[in-house]
Amino acid sequence: MRGLLRLGPIGELDVSQWIGEPPAPTMADLQGRVVAIEAFQMLCPGCVSHGLPQAIRLHKTFGSDLVVIGLHTVFEHHHVTGPKALQAFMYEYRIPFPVAIDRPQERGIPATMERLSLQGTPTLLLVDKTGQLRLNAFGQVEDLPLGAAVAHLLDEQV
Amino acid sequence: MRGLLRLGPIGELDVSQWIGEPPAPTMADLQGRVVAIEAFQMLCPGCVSHGLPQAIRLHKTFGSDLVVIGLHTVFEHHHVTGPKALQAFMYEYRIPFPVAIDRPQERGIPATMERLSLQGTPTLLLVDKTGQLRLNAFGQVEDLPLGAAVAHLLDEQV
Amino acid sequence: MRGLLRLGPIGELDVSQWIGEPPAPTMADLQGRVVAIEAFQMLCPGCVSHGLPQAIRLHKTFGSDLVVIGLHTVFEHHHVTGPKALQAFMYEYRIPFPVAIDRPQERGIPATMERLSLQGTPTLLLVDKTGQLRLNAFGQVEDLPLGAAVAHLLDEQV
Amino acid sequence: MRGLLRLGPIGELDVSQWIGEPPAPTMADLQGRVVAIEAFQMLCPGCVSHGLPQAIRLHKTFGSDLVVIGLHTVFEHHHVTGPKALQAFMYEYRIPFPVAIDRPQERGIPATMERLSLQGTPTLLLVDKTGQLRLNAFGQVEDLPLGAAVAHLLDEQV
């Protein structure tokens, strides 16, 4: 994962609500930081078995060097995966980072998911210190190349 | 797991609704059959990672020799784990057996969970051909002794 | 795995040596007992990662109800997998059951492996109380059906 | 694993023989390259289940950016883990990188293992572009911090 392409500026996440601590960051606030965003749905088996445990490992491994954020991109089962359901899910699965709820839209695909053309869940996004999207990976990413990718972004001089 | 004790008659499951196929059996209907009941909650991590996958393996391994049933024993997060949420969960996790919703009660512990003194979720129950409860196991059961326990119950002459 | 076919009498294992405790049993001595035989090679990756750990689980799960035996069926790398190498291997991998060394033959395939037409390693054999071979499974067997198969053999009346 | 300490120059590996391709490198030859050295014994269960599979993942993940080398540090069972046994082991386990045999010494601990004070097997060593030892980790290392550590070393300017 060396030489990660620049995929364009991430822009602001268009979200309806944040759950968890610390309080909602804007991407502008996070300039100068490397950010990992785990896009998931609480009833998506691959998110529960792979994506979220990996995001928790990222959070533990990189500590304050890396900002880890969840993004609840609901495009199925909207009626049973609202904020209260998400809150119960986060409690049970001990999610240690804040989660943004992607803004619902009439057609079913939420706003940020649509704007960034996410292919499904889980999707892992990496954002560099200048706010550029550098990884947009749908499905399973292995830990070894992921650890390397985050480290390369941390090492980049702005 | 040889010589499984007789823990008393299972009695009828007191449930408010069934989800999934085939149509709701009564325990009386199931006399003469060996039955495995997986008691779970849809937001319980140990149920999702261990209990339900094992129940699905039971269903596939023993085919028509064994009746596998889920029992949704909600004692936490009632407001977000109702029938519609459970239906979405069962769809996403491809649960191939019918699930009964344990009858809610005012105090929070549902009716069947209380009557059978289940300690939590996941709990695996095995019922013999005469309707006797023979296993009431909270937490993780290993596949090798579980396969043996089911086989011993199948081999019992009534 | 119900209704396991009778594949013929196992006969005596033709072996050159036994390693480990308790002392070498003959199949005649084991009449009336259910026996699991794990055929393996110490340098076979599938044996080390799957077959032998499962045989150790069989030994722990069924205790004195089941006789578990290893059979070192060397058909490759004979020069570096002799008795002393096997002994070191058994020590490092904490093999808790005795292992018979299948009698080497000039052509490379050892005597018992040839007579029983084993397809490779790992192979798991199950022998019933009358000395009949009831399972001859090359490759991976899952724990749930295996536990059931052993239990059915234990339940058979002679 | 940021800010990996400098643990001193690795020096040359004192080895009696190399097995596998490409031909034996000296550490002097490898100046300017990042090097991972997996110290193992062929009959060490933790090496077979964890250390070597991780070294193979390192080799696949980092390709030509990283030099991966095995070091067979035999301190037990010398009589059955000589060069021919190691060769058979490497063939069966598909080890895709060259392995050096640490020079045997009379007392049992081989030369390089003693000089670098390795605590046991498996041990993973990382060497930076200037030949400094930067990681000397006995036991299990997780993939995420390891990927990061390698990337940081690759990013260092000499």
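Letters A, B, C and D mark the chains as written, and numbering starts fresh at 1 in each.
What we mean here is this: a residue touches a chain if its C-beta (ideal position, glycine included) is under 8 Å from a C-beta of that chain, and two chains touch if they have at least 3 such contacts.
Only a predicted model underlies this, so the values are computations on that prediction, with no experimental measurement involved.
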item: Contacts common to chain A and chain D (chain labels); value: none
item: Identity of the chain that, by mean CA position, is farthest from chain D; value: B
item: Distance between the centres, which are taken as Cα means, of chain C and chain A, whole angstrom; value: 50
item: Intercentroid distance (Cα basis), chain D paired with chain C, Å; value: 35
item: Chain B: positions in contact with at least two other chains; value: none
item: Overall pattern in which the protein chains touch one another (line/ring/star/complete/other); value: ring
item: Chain B - residues contacting chain C, complex; value: 2, 57-58, 61-62, 65, 142-152, 154-155
item: Residues on chain A engaged by chain B in the complex (per definition of touch); value: 43-45, 48-49, 76-77, 79-82, 84-85, 88-89, 92-93
